[in-house]
C-alpha cells in the first residue's frame, strides 16, 4: 500500500506548524518518498504520527554517512530550491508502519549538523521502544549520539574500540589479528610481517619462478 | 555347589585356601569379607561401565541413531575408552576453590552408594551383609549424599555450582521424606527392618500364578509408584535432573570438575541408581523371587538382575522423553502431592495387614486409596491443569 | 576525529561487584549450551529469580554491511546465506526482492512460484528445528531435536539437488533464480509435502499434551500486545499475542495473494502460544506448498534481460521486506548508480526481537530465561551481522 | 576396647576443630564429622539402632540444614572476623566452663557398674518401640509439638520481610 | 484490531478419554512416541538415518558444487580453455582467485594464465565464478575430501591441481557437460564457417585484385621497362 505521503505531510504541517519538515522525492522506481524532519522536533513528529495517524510500528532505523552532501541530495531530491549543506553530515532514516491501517513504509529522515563534534539527534526510544538497540548500533558504527537514549553504549564492537567502522573514511588498522592467507590483499599486509614476498607492478608477485604446470 | 551359590564361590574359595594353609581365624574372616565386598564392587562397577554404554545406545535408538559402535565390536569397548579418556584428562582445580573439600566431595559421593549396595539381598544365598537393620542402614548411608553435593557446590567457588548445590539439597531433602514413608509401609506389613526377611515374606503365589509381591497389593501399587518417582528424584535422573540442569546451569555442582573426579561423580550417580532401584525391587518387586511358579531351577540372583535391568531401562526411556521440571514446581509437587499420598499408604497398609489380607482388606483399602487420587484429578482438572488453548485463524 | 570529543562517553557496563547485597551476578554465555550461538546475558539473580538482565552482542559481528558496500550487488548474494544460516533461501529472496524494488525488475511466473516453494520449505525447516531446540532448552536433550533434524535433512537434500549446496544456497538472482528445477524435483517435493503432515502429528503428540512442557511454558515471558508492537517485535512472537500482522497478507509480495492460507493468532502470547503458533504456521505452509506445486507453470526461470555482471541500478533507495520465519526481514538499499550499493542495511528480526528480552524475564527463574530466549528463536548470524 | 581408644580422641579433635575453625563452612563440616564419629561410636558399642538413627538424623538432616542455611545466607568475611576477635574467646570460655563443671560432676557421681552394663544388644527394636509409645508417650508428643513450633518459627524467621521481587509490569 | 473474518478452531488436541485431562496422559503419549521410534529404528529404514561415513557414502546430487576446477580439452598445458581474462577474479566475492597473465619475451599476452591460484581456505564455493565465466573454463567440482595438514600450501591450489579434463566434467555433470560441448561445437562450426567465408571472400577479392592488376599490368609493362 503506497502511503499517501502528501496528506500526511499536510497533516503534520497543520498540527505542528513550526516543524521544519520537507518532502524529499525518491528518484528510483521504488516510489518510497521520504520526509526530511528537522532534528530538534523529531520526537514531537513521531509522537504525533503514533497518536493521531496510528503509525505504531517503527520497523527499521538506518544510519547513513554522507561525506559529500551533493550525493545525499541526488538520492533524496529536494522539492524546489534548497541550499545544499556546507559539509558532510550523518543521516538517520526511520521506516514507520501502521499495523491496524496496514499502511506501507512512511520514511522519515533526520540529519546531524556535521560529522565530527556535535553529530547529535534526539532519541525516539521514548516513543518507539524498538529503536533502542538499533540506535545503539548506529551510535556504535557511525558515531551519531542519540541524546536521551537510556543506555547509549557500543552494542556490536567491544567497549574500548574508539573508531566508527561504517563511516566512508574509516581505515581498518593493520594490526588486526589477520589471517595470513597467500593471496594478494593479505600478502600486501604480509609484506610487513613476513618480508619474504616481493611485489611486481603493484600486484603481489607469486614467489614461484617457473611457469607452473 | 549349584549355580545358586556361584556368587559366593570366590569368598568360599579364599576361605578354604587360607584354612588349609593354616592361617589364623581372624585373617580368614577378614579375607572372606574383603573378597565378598570386592565381588559386589566388581559386579556393580562392571554394571556401571555397561550401563553408561547401554544408556547411550538406548537414547540413540530412541532418537533414530545408532549410538557408539566404533570402539570395539558393538561399541563394547566404549566404557574402556571413556575410562582411559577420563584418566588421562587434566584435573583442573579452580583457583578460588577450597582444595580439600574439592577433592573430598567426589569421594564422599561414591562411598555411600557402594555402602548401600552391600545391604541389598541379590539372591537366596547371596547377601553381602545380612544386617538386621538393613533398611535403616540404607537410608542412614543415603543421607550422606546431600552433604557431599553441598561440598562439591561450595568448594568449587564459582556461581553455577553454587546454584546447582542449592537446587540439589532442596530436591534431595524434599524427596527423601516420601521415599522413607513408602518404605515404612513395607516395613509395617512385613514386620522387620531386615531386607532378606522382607524378600522371604514376598514368596509364594496367590491364586496359583500371581506372585505375592508387595506391588500386587492395593497399598503396594500406590507406594511402589510413589517410590519409583521418588527414586528418580533421589538419583537426579531426568525429569528431575535439576542439580545438573545442563541447559541452564551448565553442569550444576559438577561444573568445576574434570578428569577422574568428574568420572567419580558419574560413578556415584550410577551406583546410586543401582542402589535405589535395587532397594525398590527388594521392597516392592519381591527381590529375587521368581515371577512364575515352577521356575526353581533358575538361580535366584538371575531374577534380581532381570528386574534391575527392566527398572533401569524404564529410567532410560524416561530420560529420552521428558523435559526438565522447574525448581518451584518440583518442590510444590513433592510437598503438596507426593508426601500426602505417601502418608495415605500407611493407614491403607495397616488396615490391609490387620484385616487379614483377604477379600475384606481389599474392599476396604481400594476405596481408601482410590478416592484421594480421584479428588486430586478433579482438582487438577478444575484449577491446576494447564489448559489446551484454542487459536483463531485470520484470513 | 570524533573519538576524542568529551561528548562521546560509554556508560559503564553492568558493574560486576560481587555479592555485597546478596545478589548473584552470573554471565550466561557466550559459551553456554542454550544461547543458540555466541550470545551473552549478564544476569543478576536474587536466589533464582532474575533481578536484571543485560544482553551482550558482537561476538559474531563481521560487519556484513561494510563488506556489501565494497562489493557489487551480485557478490553480496552469497553473504546473505550467512545472515540467518538456518533459512538461507528466504534471506536470498529478501535481498533479491529489495534489489528488484530498487531497480524496478519484474520476475517471470515460474521464478515467482519457485521462490514461494523454496521460502515455504525454509519456513518448515526453521519451525521444525525450533521445536527441537525449545525442547532441548527445557532438558529433553536430543529426542525432539533428532526427529526435527531427520525431517530437515530431507528438505536439505531437495535444496542440494536444486541449488547445489544444502544450506549455502546462493540461488536467487535479480529477476529470477539461478537455474531451473532439475527433472523430478517437483515430484519429490510433492511427496515430501504429503508425508510431512503425519510427522507433524507425531511431533504434536510428543509436544502439545506434555504436562511438563505445559507447566514450564504457560504464562512465561508474556507481554501485552501494545508493548510488543512498540518494541518492534514481528513474526510468530507478535501473532502469538493476537496481533494479525503477517507481511504475506499485509503487503503481499511475490504471488502470495494467489494462495488461500490463513494466519494463526494466539491470545496470551506466552512461550506456549509461540510454540503452538509455529506449529500451526507449518500446517499453513504445507497448504501453500501443495497449491504452489499444483499450479507450477512452465517458462523461463529468470528474466531474459536480467543482467548478472556490472549491474547498475538507477540512483535512489528502496526498503523491501519479506515475512521470514523469524519475523520481518528487510533490506534497505541506497544506490548512487555505481555497481556497488552506497548503503546496504539489513533489518534483522532476531536482533530487534531481543529488545524486550529483559522485560519478559524480570521476576522469573533462571530456567525460564533459557526458555524465553529459546521462544524468541534467535540466530546469532543475523543478530550480530 | 581398642576402637574406643581410637575413636574418642578423634571425636574430641573434630569437636575442638568445629569450635576453633574461623571459617563457618569448615566449622559446619567438622560438626558433621563429629556427629558421624559419634554414630560410629554407638555402632561399635553395639547399639546398632541408635547408631544408625543418630547417623541418619544428625548427619542426614541437622548437618544438612546447618549447611543449607550457610549456603543461603553466604556469610561473608565479617563472620570470620568476629570469630577471630580475642574478646569472643573470653565470652566463649565464660559460657563453656560452667557446663564443663556440671558434666564432670555428673560423670563422677555415676557409679561405674563395670563392663556388664554395656550389653545393650538385649534391647530389641520392638521393646524400644513399645516402651516409647506406651510408657513415654506424653514425652514423645511433647517433643513433637516442640519440633513443629521450632519449624514454624524458622519458616517465619527465614522469610525476609517486605522484599518484593520485581514483576514484569514495572520493568 | 480484529481481522475481517477469523474462524475459531480448536488445536488438534491429543485424544482424551472422556475429555478428562488425566494428569499423566500427555507424558504417556510422549513415552509412546519415543518407544515407537526406539522399536521402529531397528527395522524401518526411514527411522534409521545414520550413514556410516567411511564405509557407506551418501550419493552426491548432480548439482552439488564444491570448489572450482579448470577444464582443458586434451592437454592441460596446451589448450586450457581459460584465457586469463580474470573476469572471475573481479567477480569473486571473497577475492580468492589470483591470476597472472602469461606473456612471451617481448610482452605480448599469450592469452593463457601463467599462474592461476585459488585459495581454498578463503573460497566459499558460491559458484559465481562458474556463472560469469564467458569461456566455459571454470566449473564447480564435486570432490569434497580435501583435508590437508598444511594451511597455506595445502589449500592454495595451483594450475596443476585445478586443471581437469573435459571427460571428467562429462562424468561429473553429464547434462551440463553435453550442453556445453554442444554449444562449443556449434560455435566452432560458426567460427569455421565464418573463417571459411572470410577466407573465401579474401580469395575472391584477391582474384579480383589479381584480375584488376592483370589489366593494369599490360599498360604498365610499357612504361616500366
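Residue numbering begins at 1 within each chain, and the chains themselves are lettered A, B, C, D and E in the order written.
Everything that follows uses one rule, which is that a residue touches a chain if its C-beta (ideal position, glycine included) is under 8 Å from a C-beta of that chain, and two chains touch if they have at least 3 such contacts.
Remember, predicted model here, so these are calculated numbers, not experimental data.
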item	value
Between chain A and chain C, the fewest steps along chains that touch one another	1
Chain located farthest away, centre of chain A as origin (C-alpha)	D
Identifier of the chain whose CA centre is least distant from the whole-structure CA centre	C
Chain B and chain D: spacing of chain centres that average the CA atoms, whole Å	29
Geometric centre distance via CA averages, chain D-chain A, whole Å	70
Distance between the centres, which are taken as Cα means, of chain E and chain B, whole angstrom	60
Chain D, residues touching no fewer than two other chains	72
Where chain A touches two or more other chains, by residue	none
Contacts with 2+ other chains: residues of chain B	62-65, 162, 166, 320-322, 388-389, 391-395
Residue numbers on chain C that touch chain E, as the complex places them	71-72, 74-79, 143, 147, 150, 153, 157, 160-165, 168, 170, 178-179, 182, 201-202, 204-206, 208-214, 225, 242-244, 262-263, 265, 276, 280, 308-309
Residue ranges of chain E touching chain B (in the complex, touch as defined)	3-11, 13, 20-23, 27, 30-31, 33-35, 37-38, 41-42, 47-50
Chain B-touching residues of chain D, taken from the complex the two chains share	25, 29, 32, 39, 48-49, 52-53, 55-56, 59-61, 63-64, 67-68, 70-72, 125
Touch list for chain C against partner chain A, complex	1-3, 5, 7-8, 10-11, 13, 57-58, 61, 63, 65-66, 101-104, 226-227, 229-234, 243, 245, 250-251, 313-321, 328, 330, 332, 334-336, 342-343, 345, 347, 351-352, 354-356, 384-385
Chain E - residues contacting chain C, complex	1-3, 6-7, 11-14, 23-27, 29-30, 32-34, 37, 49, 61-65, 87, 91-93, 124-128, 131-132, 140
